[in-house]
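Input: structures, listed below.
Both complexes shown next keep subunit A, but they swap its partner, so subunit B is in the first and subunit C is in the second.
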Partner chain A sequence: MNATHSSSSSGGSGIGSGPLSHGNSPTCYFVMIGTKDNPIYEAELVSVNTARSSSGGATISEAKKEEFRHLNQFIAHSALDMVEDLQWSSNQMYLKVIDKFNERFISAYLTAGNIKLLLLHDAKSEDAIRNFFNDCYELYIKTLLNPFYEPNSIISSAAFDAKVRLSAKRYL
Partner chain B sequence: MTKQYKTLGDDIWKNKVEKINAELFTLTYGSIVAQLVKDYEDFTEVNKQLEKMGYNIGTRLIEDFLARSGVGRCQDFRETAEMVSKVGFKMFLNITPAVTNISADGREFSLVLDENPLAECVELPDQALVDELWYSNILCGVLRGSLEMVQMQVDAFFVTDTLRGDDMTEIRVKLIRYLEEEVPAGED
Partner chain C sequence: MSSSASATSRLSVMSMAASLPSVGGYSSAPSSIYAKRNTTNILERHLNKTRGAEVSVNAFAFLFSEMLQYTQKRVNGIQDLERKLNELGYRVGIRALDLLVWREKNSKRETRVLGMLYFIHTTVWKAMFGKQADSLEKSTENEDEYMISDNDPMVSKFISIPKDVSQLNCGAFMAGIVEAIMDGCQFPSRVTAHTVPIDGFPLRTTILIKLDREVLEREEQLK
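Coming up: the complex of A and B.
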């Protein structure tokens, strides 16, 4: 099934704007993973501050977007092992770039409650990502203070989602 | 008249009242409501239970209030409203809700809370929005219980609540009747 998927998408991009590598999309994928390796929040954030490629602004066909989504989850999942290795060597919450996949980087932030915040992104400044992670951490703490929120469960609040996207627009 | 109550309330809050960490208070109340929701699963029932709990608190709280403030009897219901908002709420929650919408006959008033320490950082689940959960309903019970101990039978209920998406949090208090002192049965 994967094989047919990729052949159709590369066909599409050939007609469109020249071959696009997987890592050329300007979107970042942000995921928060609970203590049982369960995702509690995911978001695809369109960033406005990455360096645009020469074919910048090219539209990505729907099939390719779908593939990115599955791929994003796999990439994030495989990065979890790296996080767990690194967490004992550093006493910082922000673990910077911990893994690389094709052209994309994965940065991680480990909270005191062992929640992992992962961001898949293209080349970006560490400070920007650190600020974004700090913001998301504070939003997460506020969510925890809500008595109706079960810790380690999915965060479905629209307000939380809106604030994360706002923070992403500001920093990423 | 109201200035005097305000200064009285501020003074009592500053000097005579023991303080507790606000987050501890908010989280404790939050876990009470969350547990009630889990146990009863019916939001009208949760409202009723919160009100009952508030009633029990109110009947005891009024003694504390009168002991600390040392105020005398109120002349009319308007004065009661001012006393409740400027001295009562200030003493126990450190907020002063505004008294508004006093009815023509002076038997009803509204308390508008601009901040609610019980409901910091709280987001209601979707089902609670559909089914009319009044998160801070314990306050209505406290009002009913405490005023009943001073010979006023009132009905207190929430009209709007910011947690449900309204602009403000408003409690309506209606005086039903003044209770007469009754001689206990069995005495002549």
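Coming up: the complex of A and C.
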């Protein structure tokens, strides 16, 4: 894990040096992680309202973005440690930004049943992310109430996916 | 198999009223030959819709007796039967935890044992049985044991236990619910139900919660 981070940070600093640094990935990566550290839902969400506009850096940023997409899972996984550290010191559900990787922030939300909702994003307002997390928590509870849904198993419902993306479009 | 039994049990304990299709759909199009089906996606129903809904105790008692008969055919022994009831209660408890915490707007996660037990004693019992549990006690002999008592548990009210299985306690279902809630909040524990009759309440059941050692260690660190 450390080796991966060092190699990507050298690549990441290449992106971060220019004025197009911020426009490289307007996508957010959202993942829900169950109690056994197993991902039960992942989604790459294209956000419309990024903090700064991505002008002129489109071609370079697309290529770089493809290269680093697979890192999302590693980044999220390593952020789990931070979540567990903070879990017992606060009784809030929304844990705000818990980690930072290159230019991206990781926000976390911990549900009552110990499901972790993680979002990798660029700079965004806390309120927007809190609303998005609340929406996703509601959707998760509704899925959980289904007696045919085995807790901690993968959520493969297309309706759930559509609702998450709709919520992301509204808040992010 | 057992999942379908617990599927219906979950529906009835949480709210049977919500599972019936809305009557409004039938009368909205009087000219159509076919009655309009209620096809609302579960993801679109509001979670607070059935918040105060109640299920009649007759319906629940009937369902519970069927659950008992169903499991009786598939087990051999009282321990096994209590374990199966515990599992059925577990499935209810997982869902109850998230739903009840969400319904209490501005609710926080519980990080301390006492807060968690108080939540079970008041909120969970009130949502399930319409009243708070009757007492919450800490055992004086062991550091890791707590007891929640119910003087008149609804699950055992209409179950008559024959002499040869007199050790059976149907409170194992409630114990399963409590165990699921404790597990979900990361307080793993062993939960069992015992009958301790006192004057005036022959059916009084005590749920004994024995916390795992790691929970105690964590409590120590948090103090």
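The rule is simple: the second predicted complex is superposed on the first by the 134 of 172 C-alpha atoms of A that agree within 3 Å, B and C clash if a C-alpha of one lies under 4 Å from a C-alpha of the other, contacts with A are read in each partner's own complex, and residues count from 1 in each chain.
We take it that contacts are C-beta pairs under 8 Å (C-beta built on N, C-alpha and C of every residue); 3 or more make two chains touch, one makes a residue touch a chain.
Here the structure is a predicted model, which is why all the values come from computation and not from measurement.
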Contacts of A:K142 with subunit B and subunit C, given as first, second, both or neither: both
Partner chain in contact with A:G113 - subunit B first, subunit C second, else both or neither: second
Partner chain(s) touched by A:M93 [first = subunit B, second = subunit C, both, neither]: second
Contacts of A:A159 with subunit B and subunit C, given as first, second, both or neither: both
Subunit A residues touched - subunit C or subunit B, whichever exceeds: C
Contact residues common to both interfaces of subunit A (with subunit B and with subunit C): 142, 145-148, 157, 159
Contact set on subunit A toward subunit B in their complex: 142, 145-149, 157, 159
Complex contact set, residues of subunit A against subunit C: 87-88, 90-93, 110-114, 137-148, 151, 157, 159-160, 163
Subunit A partner contacts - residues on subunit B that touch it in the complex: 23, 26-27, 30-31, 33-34, 37, 120-125, 128
For the subunit C and subunit A complex, residues of the former touching the latter: 3, 6-7, 10-11, 14, 41-43, 45, 47, 91, 94-95, 97-99, 101-102, 107-111, 184-186, 218, 222
